[in-house]
Amino acid sequence: MLRVTVWGENVHEQKHQVVRDHYPDGMHNCIADGLREDKGFEVRTATLQDDEHGLTEDVLEHTDVLTWWGHTAHAAVEDEIVDRVQARVLQGMGLIVLHSGHYSKIFRRLMGTTCSLTWREAGEKERLWVCNAGHPIAQGIDRYFEIENTEMYGEPFAVPAPDETVFVSWFEGGEVFRSGLCYRRSNGKIFYFRPGHETYPIYHHSTVKQVIKNAVKWVAPEGTRWIDSCPGIALEDAPESLESKGGSVH
Amino acid sequence: MLRVTVWGENVHEQKHQVVRDHYPDGMHNCIADGLREDKGFEVRTATLQDDEHGLTEDVLEHTDVLTWWGHTAHAAVEDEIVDRVQARVLQGMGLIVLHSGHYSKIFRRLMGTTCSLTWREAGEKERLWVCNAGHPIAQGIDRYFEIENTEMYGEPFAVPAPDETVFVSWFEGGEVFRSGLCYRRSNGKIFYFRPGHETYPIYHHSTVKQVIKNAVKWVAPEGTRWIDSCPGIALEDAPESLESKGGSVH
Amino acid sequence: MLRVTVWGENVHEQKHQVVRDHYPDGMHNCIADGLREDKGFEVRTATLQDDEHGLTEDVLEHTDVLTWWGHTAHAAVEDEIVDRVQARVLQGMGLIVLHSGHYSKIFRRLMGTTCSLTWREAGEKERLWVCNAGHPIAQGIDRYFEIENTEMYGEPFAVPAPDETVFVSWFEGGEVFRSGLCYRRSNGKIFYFRPGHETYPIYHHSTVKQVIKNAVKWVAPEGTRWIDSCPGIALEDAPESLESKGGSVH
Amino acid sequence: MLRVTVWGENVHEQKHQVVRDHYPDGMHNCIADGLREDKGFEVRTATLQDDEHGLTEDVLEHTDVLTWWGHTAHAAVEDEIVDRVQARVLQGMGLIVLHSGHYSKIFRRLMGTTCSLTWREAGEKERLWVCNAGHPIAQGIDRYFEIENTEMYGEPFAVPAPDETVFVSWFEGGEVFRSGLCYRRSNGKIFYFRPGHETYPIYHHSTVKQVIKNAVKWVAPEGTRWIDSCPGIALEDAPESLESKGGSVH
């Protein structure tokens, strides 16, 4: 059983009827329901409004994969919680960052760059092309899939060179975007997936749901947890016998 | 003329005679003097104790390459200054991170990982092997060079996979370390170089000086500045003519 | 002075009037003339029909950057010449592979993959987006540039993950393609650039010419030549003193 | 059940008693026996002397992971068989290249570089350090493990920058080497693992056996097979409706 925690900002849903129309229970619950179609996943949700944003030590301790959607309230996420999530990713917890999560504290923290892009909200068509037809995240998808109405994200996307590019998007308005990107950071795997604006029913789209399910499996921990702590190695623990030489401030 | 700013924490030098013995004017001045051997560099220094740590908007605006040495006072570096340095690196300013700078705020920020490692201060011998004999940073160096007394840094080094590995170190006590690593982040180049403990005269070592000079040239901006700002693209600025469709919260 | 050799297959030009109309002196001469606009380049050409395809030991010895265009006659390039070009790239000579050169022996050799893609010759519009506005290869280009009539190349492009993605293309017919890719292989830099079909005047396009000029500077050797030969290290040349132990077949 | 084919050159074993002493049934059978300790693997062997080197279309079709050991007879491997193995790797078959396999046709083909290194056969001690303690390939291993007598391989190792570095070696004679390297090429995963000289009982070493077992699981296909063929896309199959424009040689 893969233990998945779906994190949602859950702000637009409270304020805008157009969002509620598509996501009456919130976007996080829609994403969670999509994942529950896979019987190998045990799925729970957490939101900004929960205590510690729902990401307590205990929750993260029992999470194999975390998905992240935020947009309007990135700044409201406590730095201490971001520290905690970052630490778990580096130890091996998988992370899927969705759409406007490109500007979340956790994604910018892990990338080290601004993660900026260009954008336009005009409900235009997007076509996502598969760059490696055999990739685990592209399973069950043909050469491409389309989203009829979406917000456009365009290049340049200010992220480090990805380990793998799984999807590149074509937009009706003339732009392109690297829409599915794989990263490894220390012992954790990260997948950025572009689709998902709040004013369109994108998380009801069957292929979008399929990709997120595939991505959960791909980012899931493969090895064991790695806790790194910059340990000093005592002289007598050197693999080769050694005598201390030279100065020290200690 | 490449404009280089050498940043030094300048704390050990104030407190410990053993450090002052090697670096009577501070480590930063020793590093700066080494760089001044190259007549193509215009070199200044800045320290933690200066106003804004010596890294004002104006200084950074006129800096092509920044070198960073810190150890005991990483936490004393103001986050606002780290933001500023990070922004300039992503725009194209080169950055060289030296030795214990692996744990500086700026390096951890740009890497997105803990940057931890193992260590031992026993004055043991280090031998740095060149992994690409033709690399600009390895110019003028034979197959390897040695540092007679140094602090050991050992694997695992918790950083993202580098774009290029220029040096790998062998230690007398039995450890190894990836000692010269190249990264590109947005429009900036970063070089991490391991040698440089405060209790040994390492920045007087002629090959160490050579590597830092080479690295300044390699990390120097190649193109133009890139300021990224996540711009919205108006409907009428879409390259292809487009009509707005679907909902919006705006 | 950067010494550039422009290699052209020079076959279509002999056979098809439509190609001759755009390139009366052959595509290689058009590409070479574009490069000659930069007074820092010393440019010569070489073609498939020349002795040793014009790529003698002497020519390659005095070449800093080689550009490669081929399409219909990849198989006619002698393996021995490909070996020679590959060796020089690994030593540090820059290589720019243009358009249908994706299927050349030399590019597939250096990539290790099939380098396949999808394609359509319908004279459709291509728009190339810049992914890093500050990159040396993108200098002088706005957010994007367009080619009015071109052959389409679409994803998946079966190449290893690039070190940097400089351009991504949007096509009128609905496809996308990673059109400007940077690689480092041993001591050589490689740039793949998509534009350039033989039946359109693409190498007369001012921005295409600009990109190729920029790319010459970017792939040019930065350090020194690296000739690697798998040398055995004698026992007495070990940096640490050592006695021979164990068996041997020698 | 993962289907593993262990390929062995099987030449030294026929010629040298010192090799036969350690590997009376050949090195390939020793490696295969080590893998058979994992009940999830179905293991067979193939050698240079077999018809089609034991790597028929049928065998490769039913192989999930191939391990490769060769040394003295790389040139005797038929190019046609190398083509076949390369094609299968790019489609998704995992490949583990052992020790002197660094100079095999298949490894050099997939890397695109010379794959050269320095070496010394003096039976010295090697200590392999783990660079990511949580990595699937490092499972069950402490911070390092040692091989008492081995041939030395030293940097520079002329390979492309790896996706991940799992092990770095320290040698008694003073050299270092990147000993465990991960690559992805198209849809296939490749692991290079340094230990394994023919004159020492290295494939009887329990940790070496453990690493190879771990590596089989890591390189095993994750998704589906990807057969790429550079397909032309007919005008009427363009996702966006399109009319043909401009010239053509067809």
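Letters A, B, C and D mark the chains as written, and numbering starts fresh at 1 in each.
Convention: contacts are C-beta pairs under 8 Å (C-beta built on N, C-alpha and C of every residue); 3 or more make two chains touch, one makes a residue touch a chain.
Just so we're clear, the structure is a prediction, and the values are computed from it rather than from any experiment.
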{"item": "Chain of greatest Cα-centre distance to chain A", "value": "C"}
{"item": "Pair sharing more residue contacts (C-beta pairs) when B-D is set against C-D", "value": "C-D"}
{"item": "Distance between chain centroids, defined by C-alpha means - chain B, chain C (Å)", "value": "32"}
{"item": "Mean-CA-position distance for chain D and chain B (Å)", "value": "35"}
{"item": "Centre-to-centre distance between chain D and chain C (centres being mean Cα positions), rounded to whole Å", "value": "29"}
{"item": "Touching two or more other chains - residue numbers and ranges from chain C", "value": "127, 132-133, 154, 156, 161, 163-164, 170, 174-175, 184, 186, 226, 228, 239"}
{"item": "Footprint of chain A on chain B - complex, ascending", "value": "12, 15-16, 18-19, 21, 86, 90, 103, 109-114, 116-124, 149, 152, 154, 156, 158, 160-161, 163, 172-175, 184-186, 198-200, 226, 228-235, 238-240, 242-250"}
{"item": "Complex contact set, residues of chain B against chain D", "value": "127, 129-133, 154-157, 161-165, 168-171, 174-178"}
{"item": "Contact set on chain A toward chain D in their complex", "value": "91-92, 127, 132-139, 144, 146, 163-164, 170, 184, 186-187, 218, 221-226, 228, 239"}
